[in-house]
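What follows is a pair of complexes built around chain A, which joins chain B in one and chain C in the other.
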Partner chain A sequence: MIAFKDKSSGTVAGSLTIDGELIEFRDGETIYQIAERCRREVPTLCYDERLEAFGACRLCVVELEGIHNPVASCTTMADDGMVVKTKTEALEKHRKTLLEMVASENSNLDVDPLSGYASQELGQLLSRYNANNGRFAGNKSGDSNRDDKNPFILRDYDNCISCYRCVRVCAEQEGDHAINVMNRGFNTQITAEFGNDLRDSQCTFCGQCVQTCPTGALADKKALRASDLPGDISKTRSICPYCGVGCAVDILTKDDRVVGIHPAMDGPANEGALCIKGQYAFDFVHHPDRLTKPLIRQADGSFREVEWDDALQAAAAGFSKVREKYGRHAVTGIASGRAPHEAAYTMQKFIRASFGTNYIDNCSRS
Partner chain B sequence: MSNPLSDMEHPDVIFAIGTNMTECHPVAATRLKKAITRGAKMIVADPRQTRLAKIADLHLPIRVGSDVALLLAMAHVIAREGLLDRDFIEKRTAGNHEFLEHIKEFTPAWAAPICEVDAALIEQAGLLYGAGDPSAIFYTLGITEHICGVDNVQSLCNLALMTGNLGNLGGGINPMRGQNNIQGAGDCGAVPANFPGFQPCSDPESVKKFSEAYGIEIDPEKGITKVTALNNAGKDGPEGIHAMLIDGENTVVSDPDKNHCEKALKSLEHLVVIDIFMTETAELADIVLPATAFAETDGVQTNTERRVQRLRAAVKPPGEAKPDWWIISGIAKHMGTPGFEFESAKDVFNELCSLSPIYEGLDWERIDNGKYQWPVPAKDHPGTPRLHEKEFKNGRGLFKLIGYRDPAEVIDKEFPVWLTTGRRLQAYHTRTQTGRSSGIDYLLDEESLEIHPEDAAQWGINEGDFVKMSSRRGTIEIKARLTDRSPRGTVFTSFSFASVPVNILTGSGYDPVTETAELKVCPVAIRLIPGK
Partner chain C sequence: MTDQEIIECWQGEDAPLLPILQAFHNRDDHITEAAIKTIAASLRIPLAELFATITFYHHFSRDLPGKNAPRVCTGNVCCLNGGTQLLESLKAEGATAMPCAGRCDDMVPVLRGDKIYVGQDADSLENRPTPLPADNPGNAEECVFRHIREEGRSQLDGYRYSGGYCALESAIMSSRKELIDLVIDSKLAGRGGAGFPTGLKWKAVNEAHGSPKSIICNADEGEPGCFKDRAIMDHDPHALIEGMTLAAYATGARRGFIYLRYEYPETEGILQRAIDEALNAGLLGNDILGKEDFHFNLQIRRGAGAYICGEEGSLLNSLEGKHPFPRNKPPFPVTHGFENLPTVVNNVETLASVANIVRKGAAWYRDLGLGEHAGTKVISLSGDIQKPGNYEIPFGFSLQTLLHDWAGGPRAGRTIQAVTMAGLSGGFLAADDLNVTLDEACIRGRGSFLGAGGIIVFDDSRDMVSAAHDAMEFFAHESCGKCFPCRIGTQRLTERLNGNDKQLSLENWQEEVDDIGSVMKATSACGLGMAAPHITESLQRYFPEAIKSHLKKN
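Moving on, here comes the complex of A and B:
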């Protein structure tokens, strides 16, 4: 049996059998959550663990002993004694058919991973099930809003599969309700109010809809600028440089350039959320205005580029001179609230260890 | 924050005061929105109708700078209605008798004309906060950037103490820190009153500890704040400041009273600025040293909930830019100061941990996945997501007797309008970074002055007109934008655009304890510029 190692965090509600294995579960767990926990790799397209289960894509269906039709595992709560099968021939055939239907409208199945965090989900499932978009080709739903001139979010609804993850993340996670679903069936359309551009809606451009989209229908326009850069995409875990919430991010790099940002779904402070600044305001890193050489002011008032050693020597000499002329209480240091600990720590140590004073402050007073 | 961010989804009642969270801390605000969806009630006290105010159950559009009056009257209502947590008060607080006596006179009827809101609204706010179980307080600079910033914070503490909302799940007093590592700058001792880890400079043991660690006799008294340093810049006599090292701060644009600030920096004999751009402040320096930025720097930062997290370099820095710690250590070594033989960010961080009891259980490896919130006093300690759970650091929580004071300057015939300043979602501080990121301009390409339409009609101002806005310190020109987001008699703008240097106007006064500027209140006069 797969039992909980840590008995302290929540009571065990019962056990069920999944694919022949007895598994303990806690109160409120769905069959899908338990299956995920035990790495059954049940496929899904409409599921985002941060959102209420929706049961739309039907890929996560499982067979339940005593129930005639397969049930969606994401919306079925576990019950003591349940016997579940997640991978039968019938289920796999059903899933393949569903995938072929879902993909039938999508002209582009090869989605650039720069499009968004979840953008590869449909493509990966299609290759896992050896499915493609030919079998049910025909009708198409959704009008593309590629002409929305906003610089962040590409809206190519040709690739939309009506999983509603974008609508749900905007409502449930962000509380913004900027987009919604209009019409049904082949006329289904994700739209901002009155069919407006996103700028004229409640949209805050947090990018959450882009990051949860499993097909690249919503895509990160800024990141896609780097489509043609050579090399692979690398990810580096770091923390957003803006406010004090401390959202964890994955910095996407290509060819030694920052090309995009992904929210870290396991970031302890943000749990996958980001805002417009953390998601899109990163171009400053490679901006041509960046300072690249130490500068010293000359007699005529202009700056001259110098070597590091000369700059550090001149900086030190200036502080020493002021100390000699006016005493050690004539020098102060202002640390940054933007730079890391190592900057603030060395700054206060520089003042305390060089001058024996506490003439050190930071920018928190304004 | 006394409580972790995850607690934001648990309060029964949310009291958000002086915080425009959906614009300034949007990701934290999503948690409040979830709490509201779950059924929590929210009180918002803010002069402006912010997004948070729009979704609140109760919005108190109080006059700028009247927070203490509101909080006293709320305390009055809580006591009068018997919503006190007697057990908590008895076991964990001190000074409650004096406090409960003190607030008897401060009725909602007394506060209403000061706050310029109905007494009934204040009454409701007191009842709602007092009855919540738990109730959580959130605040930002709308509380601290006043001459009575400390009074404001202590008034909030009084509310939490009298209702037992400290150390509990989903309660607490939660300041939202505005900069990615402003908490960390304090943690590291970059403040005039504390050594690293908040060990006080007034404590002889701490002075001895750091004097020994740094190999020099350190003054047994605290230093001076940036505000005092700028005031004393270039002055004759023993208090004169003649050299300054500024790291990553655009003082000239972000600080109050811009002209004074510029003059102060220009009067220095030696100014060294470390930054990633040639900011308005760096322009005044004798030496400018290029630092590495986000995505180029390995290091550590602490977020608003005291979570210690790792930054990682992902790309090479431009040209010869170097990490701040390398630059500062280089200057120190050239001065002959010992103890700066650091070879990596890790070396620096581990030294910080070795000297700070709140970081004692941490080191470079242990913070790898950001799971610790300080204090972490030992290697086997799990960290402290929630402060004050069992006891207060100094024993009992002390009630403070606070009285209301007017702002440093109040409106009069010459300057009849309140100006309050703040931030906007798409711009960060002085836009050195967001202003250089493509696409942001599509949403926000200029600053404007929010004026209530009825005020504008009375002043003969139309949407898009340019106005002259003056305070006792200066005048700026700004475009008018008519919106009822700001109440009548109060106008709003941000300090983000150098083209609209609103901090020429601000700087009317400072909190006497923290020397934080009263950036949230500034009486101004507004006149239409005809034909512009």
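Moving on, here comes the complex of A and C:
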């Protein structure tokens, strides 16, 4: 039996059998969540753990003793005594057929990994089930908005499989409700109101739709600029420099070039979320105008490049001069609202301890 | 009416979105971008969501010519009766095709604005009432149609003349439990096709926590070849209202909705008149029949063209103004229905049976069925048959007797090649399997189901592959697009039947059709996707030669 090691966090609601193994679960857990926890590798395409389970792709169906048809494990809550099978011959056959059907509606199954965080999901499942084999050939679904004039998000709906993760992440995680599902059946289409370009919608270009898209139908236009650059993509974990939230990011590089950003799904502050700046505003890194060394203004107004020690000395001298001439209350500190907690603390300490004044405030109040 | 007047008229009501959209659609002949923006702002619905939801319904026009341009039925039965030619002849007026409009016992229906015209060609189109069911040809005792042919039955006086509302009067003298037990005892079950015991549903809602509770009548009769609910509502509207009020009494529900399909515009007027009569007579509204604390507020909500809204989860989402995808079950509507509160969702025929059951007793109703089967079922019979129409049969009745003795058999010189079951959802029965009795046990034994009771007849002059194609095209048109097996499966099966499959050998064709069918039946999220493969399955079972020649033609 797989039991919880830590009994303190939440009560055990019961136990169920998955593939012959007895497993404890907590209140509110779905069969899919338990199966994942126990590494059953149940395939899905419409599932994103941050979103409400939707039950569209039906790949995660499992057999449940006493129920005639397989059930979608993502939308079925665990119940005490359930007996579940996740991998029978019949289920695997259905999954393969479903994947073959999905492959048949898309025109491009070879997707550049720079397209987005989840962009390889469909391709990986197609290989796992050997399902890209030309069966069920027929009309393709989707109607591309490739000419949507925004610099960030590529909308290539020829690759869309209508899992609606983009629509759901926009509504549930971002609260923007910028896109939705129009029409029905094979003609469903992801759209902003009146078929508008994203610029004319409620879209904030946070890129969350791109990062959850499992097929590259929504893709990162900026990252794809580097698709022809030679070299492998490497990922470096870091923290977004823009504000105090501390969103964890994976910086994508090819050789020594930053080519894109992925939100870190396990980032404790952001859990996969990013905003437009953290997601797309990285061009400054390689910009020729970027300052790479401190500069000190000369008497004639021109700038001289110096080392950090010299620059800090010059700044300290300037502060001291003001305090000596006009007194300790002549200095005021305004901390940036985007600075992290530690920096804000250091700032107030700097003002209070170094100058002896309480003139310290935050830009949010100024 | 101004925008503001329309909004104010509905904003405080339950389920306001559909009537607001209908009002703008009526006023402007289509739903303009400006209207969508106003409605989104007033009801605080995100603009993209409202826009997308409107596109789901095929009767909402967003361009001109809009609502008043003719829509011609090209459903399976109307295709047999010249619907496609009629559509062609009205093209100059901007006519477009619509799926089965539930008038299969008459000539081809054409919807213009809020009127249905029927006729064989453009010159013979006329607006006329829904045909009354013919006198029961076997003199079988009836429940639903017991009084429907009486004069003035659609008005309160006429309804009361033969004992109308007596059931309600007597039921409120006793307890809810007694009423529920009586309905359970009668073995009345869902006549929309699912067959869930009605009394047990009421019991569950009565016992569920949360209020206000709701009674919803599913009058979205969208299944091709089904037109029984229309006959009941047009000719016996008070039977439905009394049934719903009895359900309200049994469950303590205070809100009621009739979710009426868009294609029945005249029915809305008939129902509204009947509701007003009942209100004035103290049979609806507050303190019904003087009984303190017995309130029931009944309203009509008209759909806008979406077969899936007959699925109860979609229906509830549609009423709530959400995107009409089916809901994941459990939880079921009896605990989490309209606005996530306990809700009864019953079909028209089910609800219209209740008053007579209460008056005549549970045993009387049970005994109407043959053998061990309880009660009756209205069958909508159409297609290549001498006397199409609605017939109330005892459960367990012979299909051959219905076809040949009651309905006059095929047209002269023809034989019956196949019939559909459950409208289209049950696929075809043919050959020896026409010797069935009409009850779920028997029909399910042949790989089909009785469902809502629509039966379409195809005689030996018809091309069954093309009939199957039209049926599958309907399911593809109506698939909501949420779950993968149905969204892609209905499309691919339509393509396999459309005669353009040039590359496939018979073996590959069969393998593909079988695989799609089995994945749809096993994994679809709702009944639409599970039922659609009955079409291809039964085609393969009964007409293998037709498939061979279909593939050879290519």
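The rule is short, and it goes like this: the second predicted complex is superposed on the first by the 289 of 366 C-alpha atoms of A that agree within 3 Å, B and C clash if a C-alpha of one lies under 4 Å from a C-alpha of the other, contacts with A are read in each partner's own complex, and residues count from 1 in each chain.
Just so we're on the same page, a contact is a pair of C-beta atoms (placed from the backbone, for glycine too) under 8 Å apart; a residue touches a chain by one contact, two chains touch by 3 or more.
Note that the structure is predicted; figures quoted are calculated from it, not measured.
*Asks:* With the two complexes superposed on chain A, say which partner A:T204 touches: chain B (first), chain C (second), both, or neither.
*Replies:* In the superposition, A:T204 contacts chain B only.
*Asks:* Touching A:Q313, do we find chain B (first), chain C (second), both, or neither?
*Replies:* First partner only, chain B.
*Asks:* Which one hits more chain A residues, chain B or chain C?
*Replies:* So, of the two partners, B touches more residues of chain A.
*Asks:* Thinking of the overlay built on chain A, is A:N358 touched by chain B (first), by chain C (second), by both, or by neither?
*Replies:* first
*Asks:* According to the stated criteria, A:N180 is in contact with first (chain B), second (chain C), both, or neither; which is it?
*Replies:* second
*Asks:* Looking at the overlay, what does A:R26 touch: chain B (first), chain C (second), both, or neither?
*Replies:* So A:R26 meets neither chain B nor chain C here.
*Asks:* Considering only the touch criterion stated at the top, classify A:K85 as touching first (chain B), second (chain C), both, or neither.
*Replies:* neither
*Asks:* Counting only touches as set out at the top, which of chain B and chain C does A:T188 meet: first, second, both, neither?
*Replies:* So A:T188 only meets chain C here.
*Asks:* By the touch definition above, which chain A residues appear in both interfaces, chain B in one complex and chain C in the other?
*Replies:* Chain A residues touching both partners: none found.
*Asks:* For the complex, give me every residue of chain A touching chain C.
*Replies:* 45, 53-59, 61, 69-70, 72, 75, 77, 90, 93-94, 97-98, 101-102, 104-105, 135-139, 141, 161-162, 164, 171, 177-188, 191-194, 201-202
*Asks:* Once bound in the complex, which stretches of chain A touch chain B?
*Replies:* 149-152, 172-175, 199, 204-206, 222, 234, 236-248, 251, 253, 256-258, 267-270, 273-278, 280-287, 289-297, 303, 308, 311-323, 325-327, 329-354, 356-366
*Asks:* Tell me, which parts of chain C touch chain A in their complex?
*Replies:* Listed in rising order, the residues are 33, 36, 46-53, 55-56, 306, 308, 323, 328, 330, 476-485, 487-492, 495, 503, 512, 515-516, 518-519, 521-525, 530.
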